[in-house]
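Have a look at these structures, which come just after this line.
Across the two complexes that follow, chain A remains constant while its partner is chain B and subsequently chain C.
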Partner chain A sequence: MMAKANPINDTHKAGPMAVFFLTQTMQIAIEFVFIQQLVTKDSQQDAWIAVLLGGLSTFPVMWLILRLLEKERRYGQADLFSIQRRIFGKLIGSMLNLIVSIYVFLYSVTYLRSLIELLQVEIFPQLSTLVFSVLFCLIVWYIVMGGFRNIVGVSLINFIYLLPLFLSNVFVVPHAHFSNLLPIMEHRPQQIFLSFFMNTHVYVGFEFILFYYPFIKKPEEAKKWAYFSLLTTLYIYLIFIILGIVYYSQGEVQKTIWPTLTFWKSIKFPFFEHVDIIFSIILLWSLIPLVSLCSWVLTRGIKFTFPKIKKKYSLIAILILTIVTAYLIRDGQQVMMLTRLFNIIGFIAIYCYIPLLFLCQWLKNLFTGETA
Partner chain B sequence: MRRKVMVGVLSCLLLAGCVPTHIIDDILIVEAEGYDYIGHNKVIGTVTMPNFVQSGNQGGQGAGLPSTASLIRSLSVQTYNGKSLVDRLQSEGQVAIQAGKIRLMLFNLPMAKHGLSIQMSFRNRDPDVPRDLTLAVVDGSCKKLLKATDYQTQIPVSRYAQDMIMQNNTQNYPDSDLSSFLYAYFGAYMDPFMPIIQKNGDHLEMRGLALFNHDKLAMRIPDSKVFVFKMLYQNFTLGVYDLEYRPGRHIALRNVKTSVNYKVRHGNSASPDIYTTIHVIGQVRQAYPGSVSKVKTPQVARIMEKGLASDARQLVRKIQKKGIDPLQIGDKVRSFTYHFDGKSWPERYRHARFHCKVSVIIQQTGITD
Partner chain C sequence: MFWKKRRLKKTDPQTPAKSIVDLLKQLKVNPDFTHFHHKGPHFSCWVSFMQTLVDVDYVHRDVFPYLYSNQVHCLSDVQTILPFEEIIRTKELSVIQSKLLEGFIVIQESENKPDCLIIPSIKVQGRQVEQTEIETSILGSHEGFVESIDTNINLIRKRLPIPQFQIKELRVGKISRTRVCVLFVDGIANKENLNTVVQRISDLEVVSLIDATMLALHIGDNNHSLFPQFIDTERPDRVAGALYEGKVAVLVDGSPNALIMPSTIVEFFAAFDDYFLVWPIATAYRLLRLFAVAFSIVSSSLYVAVLTYHYQLVPKDLMGALIVSRSSVPYDPVIEVLLLEIMIELLREAGARLPTKVGQTMGIVGGIVIGTASVQAGVASNILLIIIAMSALAAFITPNYRMATTIRFIRFPFILFAEVLGLLGIALCFMLFVCHLIKLTSLGRPYIEPIYPLRVTDMQDAYIRLPFNFQNRRPQFLRTGDADRTNPQRAREKVGKQSPDIDE
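Here is the complex of A and B:
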C-alpha cells in the first residue's frame, strides 16, 4: 500500500501524553463560557445530569475509536482518511473523506467565529472580523508550518493558560445557592435527553485522535491519556454547569448568553478590575491550537487525496477559505445557527458514524477473511 | 526563519492597530449613576467621574485631594427613563465619557416606586457593567447626594457610598449587589431588595432595606429590623440585634454566628408549612445594668429567642400580606417539592404557614460578672 511505503518519521511523532493535551484542546475550547444556557433550557436544574451522561457517553465512543485504530494498524496507516478509503473503496472513500473534511472545517470556523463574536460583544465592538481572522490565521499558519509537534506544544501551553479560568470557579462558592439543584430528577427522561443532545457539541473533539493517531509514539500508552483527558473534560464541564445552576436563578441563566463570562464580571480583586476582559483574552489562546489542529488535519486530508499538492500551498488555501467563511458569517444570529448545525452534525458524527464505521471495519475484515 | 519572525512582529503591530484605544488619563470613567424620577417617565440623571490625574495625595489615584488640573467631576441632565446616561451626557463631556467601571447606581424613592424594569433590562444587557455594582435607593435626591461637596471625606462619593454599603453588608445588612439583585429579579418565586441610604448633613447613612415587588418598591424595613431579615435570609457572622425587653431597658446581642435552615412540608397544598430553624451564637456586651450575668445567661437567651422569633414571624407576615418574597421562600418551597405548582403559588404564598424556631446560645457576657 502506498501509505505503508511512506511511514511517518519518528522525529515528527509526539509522545503518548500528547493525546491528553490535544484532546483537552479540542474538547475545551470556549464552550464552557456558554454551555449553561444551552443545557438548562430543557431540563433546568437537572441539566447537570445531562452533562454527566454526555461525558460518560464519550468513554465508550473513545473505546470504539481506539479499538478501530488498533485493528487498522495492521492494514496500513491508522487514520480516518486511510480507513475510509480501505473500507469503502476509492470513490466512496474519497467522498466520505470530503465530508469529513467539511466537518473538520466547520469545526474550526464555528469556534473561530464564536470567539470573534464574543470579543466583539464583550470588549471590542470595532473589531473587524476580517482583519482579526487574517491575523489569527497568520499565527495558525506559523504553527502548522512547524509541524505536528509544534501543535502539541501549543496545546500544552493552552492547557496551562486555561487553568486560572477554571480556578476562578472558587469565587462562586460564597454566592452559591445550592438549593437550586433541588429537587433532583424532577424532569422526564425526554427532557434530559434533549439537554444531552444540546451538549453534544461541547464534548466533540476527542474524535480527532482518528486523524493524528499515526503521529503518536507508543500508541498503547496513549490510551490511558485519552481516557484521562475525557475524565478531566467531564469534570470541568460538570463544575461549570453546576456553577451556572447555583450562581444564577433559572430565569436569569436562560437570558444570559455567556453565563460564565457574566459570572467573571462579579469577581473582584483590589489591584485590578475587569477580570472578565483578561479572561476573554486568554480564551483566544484556546482557539489557536484548535484551529491549528483542524487546519493541519485538512492539509493531511488534501495530501492524502492529492499527494502532489504540497502542504505549504494547501495550508494557505485552507486558511484563506477559513477567513472567507468566517467573514461571511455576519452576526450573532448566524453564529448561533452555525452552532446549532454543528451540534447536530457532531451528534451524528460521534454517536452514529463512528459505531457504524466500527461495524463496517468488522464486516470488511470478516469478508476479506482476515479475522482479528 | 527571518520570514517567520517578521510575520510574528507584523501580527503584533497590526493587531495593535485593530481597534481604538482608551487611555485612562484621557477619558472620564463613570463611577456612579443616580436617577431621580420627576414624573411622566422623565428622570434627572447624574453621573460622577473620578480623576486619574496627579493629585495632591501621592499614589492616591483619584482618591486624593483634587488638584487644579482635575477634570470635571459630575454631570447632570434631564432625560427619559431608560436613556443611557453615558450617551446622553457625551455632548457635555470634557473628554470622552465611558462606562468602564460603574461602582454605584442610585435611585430615589419615586423612581423605585415607578419601577426599575427599564433600568434593569439595560443594566443586564450592558457588557461594560460589572456585576459587583452596588445598588441603593436614596431617601432624598440622588443628584444632591452625588453632587454634594460638603462630605467630610475627600474620597469621591461613589467609593464612599460603595464602601459604606459593602461594610454594612458584612454586618446587619444582607448581601446586595447587582448580581444578587438580578438573581432575584429574574428568578421565579422571589423578589429583589436594596439598601436605602440617605445623606445626613456631612455624611451618608444606611436607612434600612427597600423590598421590591418584582421591579417596584413595595415596602421598607427600618434599620432596626434589618438584622431579623438577614437572619432569615442567609448565614452570617457579624451584626448586632437590639432587644427592648422592657420599656427603656435594652440588651444588645452581638452576633458571632447565625445559621438558618428551611424545611418545607406539603409544598403543593393550599397552605404549605414552612419550618425555619435558626441557630444564633452571640455575645452580650451592652446590656441594662443587672440584666445579664453568668447565671442569668440562659434566661437572657430565652428572652432573645422569644424576641427574635416574634420579630421574624411579624416580618414574614408583613411580606406575605404584601405578596412579595424577598426571603425567597417560594424558591425554597420549589426546591423541596417535586412538580411544584408554580401557577397557584402567589395565591398559596399568602396562606403559607410560617413556623419559626430560634435557638440562641450566649457564648459570653464580657469580662465582668
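Here is the complex of A and C:
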C-alpha cells in the first residue's frame, strides 16, 4: 500500500534557501500587473485591507503545510502524491492525484496564456500564440531536463531580474494622491471578504512546496525561508495595491485592465522611452521558472502513478499539451474566464483542501494507532 | 553491426619492436640516429643515441672520456665511474625505446643483448622565457610560459617554494605519449577536484595531444558548449595565485598555456592586474568590463530590434539623427548590421592571420577606408558604424581570448532572433544562454557560482574586488582543505585596538 520510498540523491537536492526563491516565483508571476483592478472592484479604497488579510492568511496555511510534511516524513517520501496515496488508498489517492495534476496544469497554462495575452496587446498584436509558446516551451524543456536544481537557479535569477520592476514604484511618489486612501474602513466586511476572495489568485502558489519538499536539504532551516518569502510577497503586493489606489482615481483603476503597466508608461528616461515595453519583456522571465516547475511536478506525478514512463518522455507530452491548450484559448475574454475559474479552484485548494488533508492525516494516524 | 565489431576488434596498428635488434633496425633508417661500435683496449661497447635530441658537446666532454678510460672493464664499471646522479640499467625494451626518443644515450655491451645503460643527456632547446604576448599587463610580472614544460614548472615553483606543492605526471596520447603535469598544493586543493582532473586526463583516448587548450576541449564538462570551462593563461603568476587559492593547474608539454580549473564565468573577465590596483579602481574596471561585454553582445541586436519593431523606444531628439543617417540606406536594419558585423569579423580574422606589419596596414585600410566609404556610399548608417565599432572594441576588452571569441560569436544568434521577434526575441535568446549557463559546470562545480548557488561570501572577488583584508577566506566554491587564507587569530591580534579616537 505504501509507495516505495525512492531516496533522492543529495546531488539533486537544493539548499534551504531554494524555498524562498521558488515560493517567490510561484506567487509573484505577473499578478502584480493587474492585482489593483481585481481587488478594488468590491472594496474600492479599502482594497489594501483585503490584500493585507489575504497575505496574512497565507501564514497559517503555510504552517499547516509544513506541519503536514514534517509529520509525513517518517512514512516515506513527503510529497503530496505520496501523502494522498497513503491516506486515501490507491484508488481514491490516484484520483486525487489526477485532480491535483489538473490543477497544476491549469496553473501553468493560465499564467502562460495571460502573459501571451499581455504581450499581444502591449507589444506585438500579431504575435502568434503557437509560435511563441513553442519557443517558450523549448526553453522550458531545456531547463526541466537539467532537473530540480536548474529550476531553482532560474527562479533565483528571476528574482534578481524582477527587482527593478518592484523598485519602479519609486516613480509614483511625485504623482501620488495619498488622500485617495481615505476614508479608511468605509466598506462592510462582506465587501472586504469579496475582495479577499478575488485576491487568492495572486497569493496562490506557495503550496507548491508540497511537491518539491523532498528535494530540499535541511528542511528544518527551510521553514524560516518559507515564511520570509510569504512576508516579501505580502509586502510587494501591498505596495502595488497602494500604488494603484494613490495613483489612479477609483473610476480609472477599475476600468484599466493592467494598471501597473499603464503606470509604467508614465516613467520617462532621457535615454529611452516606453519603459513599459522593456518591463513587460522582463516579465517573461517570471514565467520560465513557473512553467518549468509545473511541468516538473507533472512529470513527477506521472512517474509516481506509472513508474514505467520515463520523465524525459512524459515531459515532451506535457509540453505539447501545454502548447495546444494555450493555443485553444482564443482571446482576452477567455483568458479572463480562465483566470476567474482558476481563482475559485485556488481558493478551494488553499483554504479548504489543505486543512482537510491535514485533518485526514491526523485521523489516519489516530486510527492506525501511531501518535503524531 | 558485425563490421563495426570487427573494426573495434582490430589490434593497434602500431607494431612494437619485438627485440632490441628490431628496434635498432627500425631506427637506423633515420639519418639522425647514431649507432656505432666502440672498441677500446679493455672494454668495447655499442653506443646509440638520437643526434638531434642529445646534447653532443656534453656527450663528448662528459661521457666518452670515461668510457675510453683504462679503469673500465664492464658495464657496471661504467655505471660506477660516470658522474651522473641518475643512470638506469635495464633490459626492458619499452623503457629503452622511450628513453632513446627522449634524448638519452644507450650503451650496450653487445648489439644483440637488451642489457644496457641509459644515460641522460637531453638537449634543452626552445624559446627563452619572454614577455607575455596575449595577456599583457602593465604592472606585475612580465614573464610568460614557454613551450618547454620543465621551464614552466620552474617558473611556477619559484613562486611556490613549499614542499606541499606537488606535481602528478601523466602521459596522454596513444602515439605521442605527451607529458601532462597536474599541479596542486596538497592540503589546500580539494581532493575531489584533483581526482576528477587526474581521472579525466588518464581516461583520455586520443592519438596525440598538441596543446593545453586542446586538452581543455577534451576534458571539459560540456564539449558542445560555446563557453570555455577552464581558464587558459600564459602567466605563471596567475597560475601561482590560483594554486594558492586551492585550484588545480594543468601543464602540457609543448604548450605555452596552463589550464586553471575549476573556474567560474566571472574569472574570465578578471584581469590579473586587478589585484595590483587599489580596490575601488579595480572594482570599477571589473564592472566596466562586464558592462562592455553586455554592450558588445546586445548592442547590434538592439539596433535591429528597435529599428524594425519598437521605434517608439527611441527618444524624439535622437529620432531626427537616426532618420537622417538611415534615409540613404536601401536595406533593412538586419542586412545592414550583418554586413558591418561580418566586415569587422573579416578584418579581425585577417589581422590575426597576417604578420604584424601587414596586419596594421590591414587595420587602417579596413577600419578607416571601408568604414567611411560604406557610410558615404549609403550602404550603412553612421550611427550603426559607431555602434558596431564600439561593440567590436568592447569584445576585445575580455582578457581571455577564448572567451572573447565566444562573445563575438554569440552576437549573431541575438541578431537573428531580434530580426524575427524584436525585443522579445532578444529576451528569449538571452534566456536560452542564461539557462545554458545555469546548467553548465566546470569540473562538476557550478559555472556561474556566486550567483547560483548564491554564495554571498564569494562575491568579494567576483564582480567587485573588496580590499585584501576582507578576503581572508578562500572561495567556498573550491571547497578547499583549508578555508582560511591566513591564521585568523594571529591576524586579529596584530590589528590592535579596533577604532582609535581622534588624535589618540
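We adopt the following convention: the second predicted complex is superposed on the first by the 367 of 372 C-alpha atoms of A that agree within 3 Å, B and C clash if a C-alpha of one lies under 4 Å from a C-alpha of the other, contacts with A are read in each partner's own complex, and residues count from 1 in each chain.
We take it that a residue touches a chain if its C-beta (ideal position, glycine included) is under 8 Å from a C-beta of that chain, and two chains touch if they have at least 3 such contacts.
The structure displayed is predicted, hence computed values, not measured ones.
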TODO: In the overlay, answer first, second, both or neither for which of chain B and chain C A:Phe124 touches.
DONE: both
Open item on the list: Is A:His274 touching anything from chain B or chain C once the two structures are fitted on A? First, second, both or neither.
Closed with: both
- [ ] Based on the superposed arrangement, let me know which partner A:Ile99 touches: chain B (first), chain C (second), both, or neither?
- [x] neither
- [ ] Using the touch definition from the top, say if A:Ile139 reaches chain B (first), chain C (second), both or neither.
- [x] both
- [ ] Would you check which partner chain A:Ile157 touches, where first means chain B only, second means chain C only, and both and neither mean what they say?
- [x] second
Task: Touched partner set for A:Ile239, first chain B, second chain C, both or neither - done: neither
Task: chain B versus chain C as contact partner of A:Lys255, first or second or both or neither - done: first
Open item on the list: According to the stated criteria, A:Leu182 is in contact with first (chain B), second (chain C), both, or neither; which is it?
Closed with: first
Open item on the list: Looking at A:Phe263 after the superposition, I want to know if it touches chain B, chain C, both of them or none. Which is it: first, second, both, neither?
Closed with: first
- [ ] Across the two complexes, find the residues of chain A that touch chain B and also touch chain C.
- [x] 123-124, 127, 132, 135, 139, 142, 273-274
Open item on the list: So in the complex, the part of chain C that touches chain A is made up of which residues?
Closed with: 309-310, 312-315, 421-424, 427-428, 431-432, 434-436, 438-439, 451-454
Open item on the list: Give the list of chain A residues in touch with chain C in this complex.
Closed with: 14-15, 17, 119, 123-124, 127, 132, 135-136, 139, 142-143, 146, 150, 152-154, 156-157, 160, 270-274, 277-278, 281-282, 284-285, 288
Open item on the list: Give the list of chain B residues in touch with chain A in this complex.
Closed with: 4, 7-8, 10-11, 14-15, 18-20, 100-101, 124, 127, 129-132, 175, 177-180, 182-188, 190, 331-332, 335-339
Open item on the list: Which stretch or stretches of chain A touch chain B in the complex?
Closed with: 121-124, 126-128, 131-132, 135, 138-139, 141-142, 145, 175, 177, 179-180, 182-183, 186, 247-252, 255, 262-263, 265-268, 273-274
